[in-house]
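First subunit A sits with subunit B, and in the next complex the same chain sits with subunit C.
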Partner chain A sequence: MAMAVFRREGRRLLPSIAARPIAAIRSPLSSSDQEEGLLGLRSISTQVVRNRMKSVKNIQKITKAMKMVAASKLRAVQGRAENSRGLWQPFTALLGDNPSIDVKKSVVVTLSSDKGLCGGINSTVVKVSRALYKLNSGPEKEVQFVIVGEKAKAIMFRDSKNDIVLSVTELNKNPLNYAQVSVLADDILKNVEFDALRIVYNKFHSVVAFLPTVSTVLSPEIIEKESEIGGKLGELDSYEIEGGETKGEILQNLAEFQFSCVMFNAVLENACSEMGARMSAMDSSSRNAGEMLDRLTLTYNRTRQASITTELIEIISGASALEAAK
Partner chain B sequence: MASTAAVPFWRAAGMTYITYSNICANLVRNCLKEPHRAEALTREKVHFSLSKWADGKAQKPVLRSDAPAV
Partner chain C sequence: MFKQASRLLSRSVAVASSKSATTRAFSTEVPSTLDSTFVESWKKVAPNMDPPQTPSAFMKPRPATPSSIPTKLTVNFVLPYASELSGKEVDMVIIPATTGQMGVLPGHVPTIAELKPGIMSVHEGTDIKKYFLSSGFALLHANSVADIIAVEAVPLDHIDPSQVQKGLAEFQQKLTSATTDLEKAEAQIGVEVHSAINAALSG
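Let's look at the complex of A and B:
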């Protein structure tokens, strides 16, 4: 089969062969046909390699372009992610971060990207979310998932589709902004019941380092309960409350606002990590394409030279045979 | 909760603090002078699609788009 394809290609390549009667090529028994087959095959293999080189070169162009795009997007989103860190830091100073808190109803908010080709960032958040699920599930305890982004949805759908309550996609269509994320946070708050929200995302450290991170947002009731026990949250009572609001109301407002702020930061950090991961993934794939291209060029030149050498030998030996016959 | 005082009017209307603060923020944005106002309003565009899940299946997604602080 392959030989037939080669021969057909060879005919197109070498019109001198194609001009010969097809019947001769079809019968592989005669010696002259075999020679033709070999000849065709020899030049054909360079043709195949040449096509392969062309496609590798095109792929390399694409990956290079993707890397450039990711780099420029990264620069835009990185500044905003770093600025948004100021939003959650006061909350952590005030309410603390309690990743190990033991509550009945946990909701894991998994943040991922809509598009692929960005390394392992989506699979790490999914892994962490699953670990959180295992840690927090148990008798009389419930864990549910809220999934942001197409990729984590596709992975989580396979094994935990019964625990998903909400999924959100197309978040990245406009540049990320607070209004958008807060509407999203609002929708999540309205649709799930929780004692603790655990937001899983990739925190951006540098272009090559992303830490899968969990931020915990507690519900006001849990904060109140914890503050009665004491510890970090016990200091809440030392704050004076102005106006006619009670501690419970203040805590509820705070928890809601904390969630939207933490979400905002998490979404930005995740977008930032996505771009960084895509950049390094595309960088290594264009490097790989370059290596492959080098190897292919070497093979191509080697075959070409070999065929030239053989032809030369054929011509010379033919000429000397004629000379000897004279 | 030891609250006996009336809840704030916006919470009585079924809003969360986030919605309330968004409406306030939007009011402030509308108070800006013209070149800044248009810029601030175009910056805060909302677009995402949200789908609820039931029985392990996604239901029809709801598109939330270009409606800051409904």
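Let's look at the complex of A and C:
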């Protein structure tokens, strides 16, 4: 302790190298913390760098493992999502695609994930939902939200709390199947009054591309009204109805069936997008960790070599000072 | 240095001209939204964000209504977990509508039919493939395209008759012992489906 003080004093009073000989006697195995205080040349000691390297390496391992898990889950869901793509096409072929339809009551169904660390897909879905809200609100028009997934709920709860009618979480806990989604669709239809349902989700285009998509499902009353007016749905009037008493009843069943089919495809596509986004997020994270590790290794080596060099200088200068004194 | 620059410039021009001669879309290119009113109103509300896609951008366009009746019917038979038949050209399809078995030939009048549990048979020449459907919808279009959407469908040769008999007996028993309306409705659905399968297998 006193030696350290003396060394420090020595440095201040005699800045020449001659003050160093005492340091030369010190064991070279001592921690470089003392050296840091003595020399003031390096800001990070090797111990600190070593700790940081260990934690970065652990992070790299964890993110690599998460990427593998996401990749395997993606493989499992991707096949089912692609097979379900044919499900909504007949409805769109019959009823057309009317995202710009002007209705009084719109309900925006936002699909998002429950878990995080999946890149920006949830925030894009929320941004699109908010823009749809602005698009469809006005005098005599109102928009309500149905939120599926924890992440969107967290974001939208802050500013749109009053417009949220229903929120569903933990949808992906069990593997998705049509029965489960049709129960969910049934729940939504029972609790919400709507003229048009706009389902916002991320469509899985490829492992690196996810396209925010909005699918519109109209209520049977609006379908009838539009088919009478003409325009896109005008051809619907020419269709005969088989079964059921009235056209309205058939249209009701058709609209509900359409909603459950579109929801099923949307939920699967969103799950695929989530896995794909998580894969790329974790991949870039492990790559960043690898780069950080490289930089830290360089710093560590430099620190280590500098301390060895300083030791050598001290020893040699001490020896040469002794020689000169002789 | 100027020589190099001019060489690069001429090379880039040559590349550009060759590219324009054979423009090919990249595989990473994204389909564009087809509805222009939507895109315009979107731009007014959120000018900095790209408009979202709509389902029509991902669909192949349907053929137009031909002036004369085509010889073959194009069938798209989809289930939630697979597209069984997609764009298959057949001669006739018999579907189990709620009003009874309905035969569909090319040039059928456009129809929306609700389906009940029953057999659907697809006829192509002498080849007949039979499926048992749980329920769904059949949309017949003017351009001789038939879309059949079912919740569950099984080819008839995959069904085990003894299991069907057991199921039928079980649901009939449940129907007699049902107390609440919900239980009665569920048991009735079970009986209907099983007796339909039974009739399908025997008939």
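By definition in this document, the second predicted complex is superposed on the first by the 282 of 326 C-alpha atoms of A that agree within 3 Å, B and C clash if a C-alpha of one lies under 4 Å from a C-alpha of the other, contacts with A are read in each partner's own complex, and residues count from 1 in each chain.
Just so it is clear, a contact is a pair of C-beta atoms (placed from the backbone, for glycine too) under 8 Å apart; a residue touches a chain by one contact, two chains touch by 3 or more.
Since the structure is predicted, the reported quantities are computational estimates derived from the model, not experimental observations.
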{"item": "First, second, both or neither for A:156, with subunit B first and subunit C second", "value": "neither"}
{"item": "Contacts of A:70 with subunit B and subunit C, given as first, second, both or neither", "value": "neither"}
{"item": "Of subunit B and subunit C, the chain that contacts the larger number of subunit A residues", "value": "C"}
{"item": "First, second, both or neither for A:180, with subunit B first and subunit C second", "value": "first"}
{"item": "Contacts of A:224 with subunit B and subunit C, given as first, second, both or neither", "value": "first"}
{"item": "First (subunit B), second (subunit C), both or neither touched by A:203", "value": "second"}
{"item": "First (subunit B), second (subunit C), both or neither touched by A:168", "value": "first"}
{"item": "Contacts of A:86 with subunit B and subunit C, given as first, second, both or neither", "value": "second"}
{"item": "Subunit B versus subunit C as contact partner of A:128, first or second or both or neither", "value": "second"}
{"item": "Overlap of the subunit B and subunit C footprints on subunit A, listed as residue numbers", "value": "178, 244, 253, 257"}
{"item": "Subunit A to subunit B touching residues, read off their complex", "value": "161-162, 164-171, 173-175, 177-180, 182-187, 189-191, 221, 224, 244-249, 252-253, 256-257, 259-260"}
{"item": "Footprint of subunit C on subunit A - complex, ascending", "value": "80, 83-94, 96-100, 127-128, 131, 134-135, 178, 200, 203, 205-206, 209, 211-216, 235, 238-244, 250, 253-254, 257, 261-262, 264"}
{"item": "Subunit A contact footprint on subunit B (complex, rising order)", "value": "1-3, 5, 7-8, 11, 16-19, 21-22, 25-26, 43-53, 55-58, 61, 63-64, 67-70"}
{"item": "Complex interface listing, subunit C residues touching subunit A", "value": "28, 30, 33-35, 37-38, 41-42, 45-46, 49, 52-56, 58-59, 62, 76, 78-83, 86, 97-99, 102, 109-116, 136-137, 139, 141-142, 145, 147, 149, 151"}
